[in-house]
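Note that the chains are named A, B and C in the order they appear, and that numbering of residues resets to 1 at the start of each chain.
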């Protein structure tokens, strides 16, 4: 390139700064939701937050670190299981729910030593084996009553109205903190390195990216997030059946949310979570046809719209609402819609 | 004596796992795809044969003659309409699409067949329960022995086919380097279609034998996929004879585990699988550091 | 009639415009040497002719038929064979299997395993060895043999001497000369200008994706080729 051009590297566009303010306003309203809306809305929003956590966690794994896991239900189930155990031994309800996720995250660290050595499909099914093994071992625990399952009795001691509000706020805080953590991670040093890993693991390694360390951080974070989602689910439903919590349907939901919203885009995972929530609300009662539809939609998106709804919008209009990447803007040119440039993610 | 019988049963069960794993291993070897719908395709075939046997009363062995070509056609179509496109988008997309397919098949079968537990055993008469006495107190089931023999014949036959036929050589050449394969005149698209047809047909064969020797529901697929995958990994990915060994290791581990605890059947299998993985990583780590000798010499 | 006619061919690798409106006619029995620096577009041109690379524009006519839309395996069956750069043998298969697999889909003709061994005697002892375990010269002989097994009417050779010991290059070229004498039509890419001038009946020099010098080998001097190679002749192309 012989002509001299001036560029500025940008992280925030005017639009993304505006959208950040909008996010703050929405969060403020959400924080007060139990005072503003009726019980059904509060319950629904709690469920939505759990879906958002799952979606963003799976997206961090697959969309950024290139790790397709079909076994995240292992952490979902373990988070709930440890919460029950802690509560059984006298730990307070809400501390137990949080600690259950912490213990799961701690356990995921040694697990990562083994699993992260696997590649592609081996990692995918390897995680599934881990989830199955976790379920089988949990069923052996007499506290759980085998396949029948058990209830977190301590939850019943709290009056239902307060419990609904506590659950809501815990889910809201968990979602905001986890999303913020992923956002911060992806904007930081780790973000660039994990994306380099996803694009070409060997090349990344050869230029000094600490591949394993980056993957491990994401893996443990995703384990923690999914475990917290599991214990939150327990808080709303009270009862725990191993087959349900360790069920493969959670992975199906996560894949659907991320594929539809936009694999590898931060906003897309959120959009996918919202879309899934609405679809479940509308069609969840239709039983298994609903699941057939989810699977089929996943296939169609993976084949024909691999960047999902948000990824496609991004590519076409160069919109960044919550930018985790960098954009190059040419200084002496018209900063029209095309100047948002590309993030380094593809 | 109970242990000898159990180990023998485990070995024969391993034959079933090898039969099941054959297609998974083959598809990965040729196309580098791990088909997450493999187990569900096996169950689909079992349901198909069940439907034929149940409505017409013909033997499941005869129904196989219809079911296998249907499964092969499904495999071919799968390659043409789904996998080929998935592969173009990178290595992760085939995992996502085959997982989606698994969800569609499972729940579609549930919609049609309901949640009932079924088996083909009632349709094959005494053969389901016949056994041969090896000694006065060691018996092996004739169906289990048939499945084991079938696995050996299938894996061996596939190996011979790949080595000594021109189609087999073309498949190997395509597996190794599809770009160059096209330059020596191989229609790689057709080869992938044939490979997928073979893989899905063998999955279908395994599914029917699962239905004869045990029970199944529309949701039995994922478990079968996991067993197949464990057999493939234990035996070493891409090796057909390794698949048989892997299946036997898994089968023996499971039957011995079941002796310890009723839940032990599954747990032992998964634990052995993870242990083999961990062991392999340790060995690779030791080699990378200059072998065991170097590692020991470095110790004070 | 020309055996091969390339008309206004363009080929790209993403943003890189590797071949730019190249027009080339090759008559049966000719040996054409493509000369040019690394990145001049020679390999892409050969791969596009063989069908391994999709052209962005232009036509490829073989024996009077437009084969632009025919996939690589179909062009091979019509008689276009490419010996790719870097040999690209099926490393896990034996030499014999490498030859057999190509022979399956080619045209009928004089070339078979026996005649390939006759042309490359060094392969006789190596037939049952894995191709990945051969020396560079043996691999190159196998790669050429593999292309010959298809009995091509047009043989495209990409960098056959690259990375070979001088003695192996000598052996490969001795076999090529026999092939040329038998009336084969060959397009070869060669970095060694003297060798190219020695073996070819016609020369085409490429620079930045275009053919900048073309003519009978006898009419072109080494100096002209060198000038074209380094782009000193750019003015002449119009």
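Here is the rule we use: a contact is a pair of C-beta atoms (placed from the backbone, for glycine too) under 8 Å apart; a residue touches a chain by one contact, two chains touch by 3 or more.
Every value quoted in this text rests on a predicted model; they were computed, and no experiment measured them.
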item: Taking each chain's C-alpha mean as its centre, the one farthest from chain B; value: C
item: By mean Cα position, the chain sitting nearest the middle; value: B
item: Busiest interface, counted in C-beta pairs; value: A-B
item: Whole-Å gap separating chain B and chain C, where each centre is the average of the chain's CA atoms; value: 44
item: Length of the line joining the C-alpha centres of chain A and chain C, rounded to whole Å; value: 53
item: Centre-of-Cα separation between chain B and chain A, whole angstrom; value: 32
item: Touch list for chain B against partner chain C, complex; value: 166, 169-170, 172-173, 176-177, 179-188
item: Chain A partner contacts - residues on chain B that touch it in the complex; value: 28, 33-34, 36, 82, 85-86, 89, 91-93, 95-97, 99-104, 106-108, 110-111, 222-223, 225-226, 229-230, 233, 237, 261, 263, 266-267, 270-271, 273-274, 277-278, 281
item: List of chain C residues in touch with chain B within their complex; value: 50-52, 71-73, 76-77, 81-82, 84, 88, 90-93, 97, 100-102, 104-106, 146-147, 150
item: Chain B-touching residues of chain A, taken from the complex the two chains share; value: 62, 66, 68, 70, 114, 117-118, 120-122, 124-126, 128-130, 132-133, 136-137, 139-140, 248, 251-252, 255, 259, 288-289, 291-292, 294-299, 302-303, 306
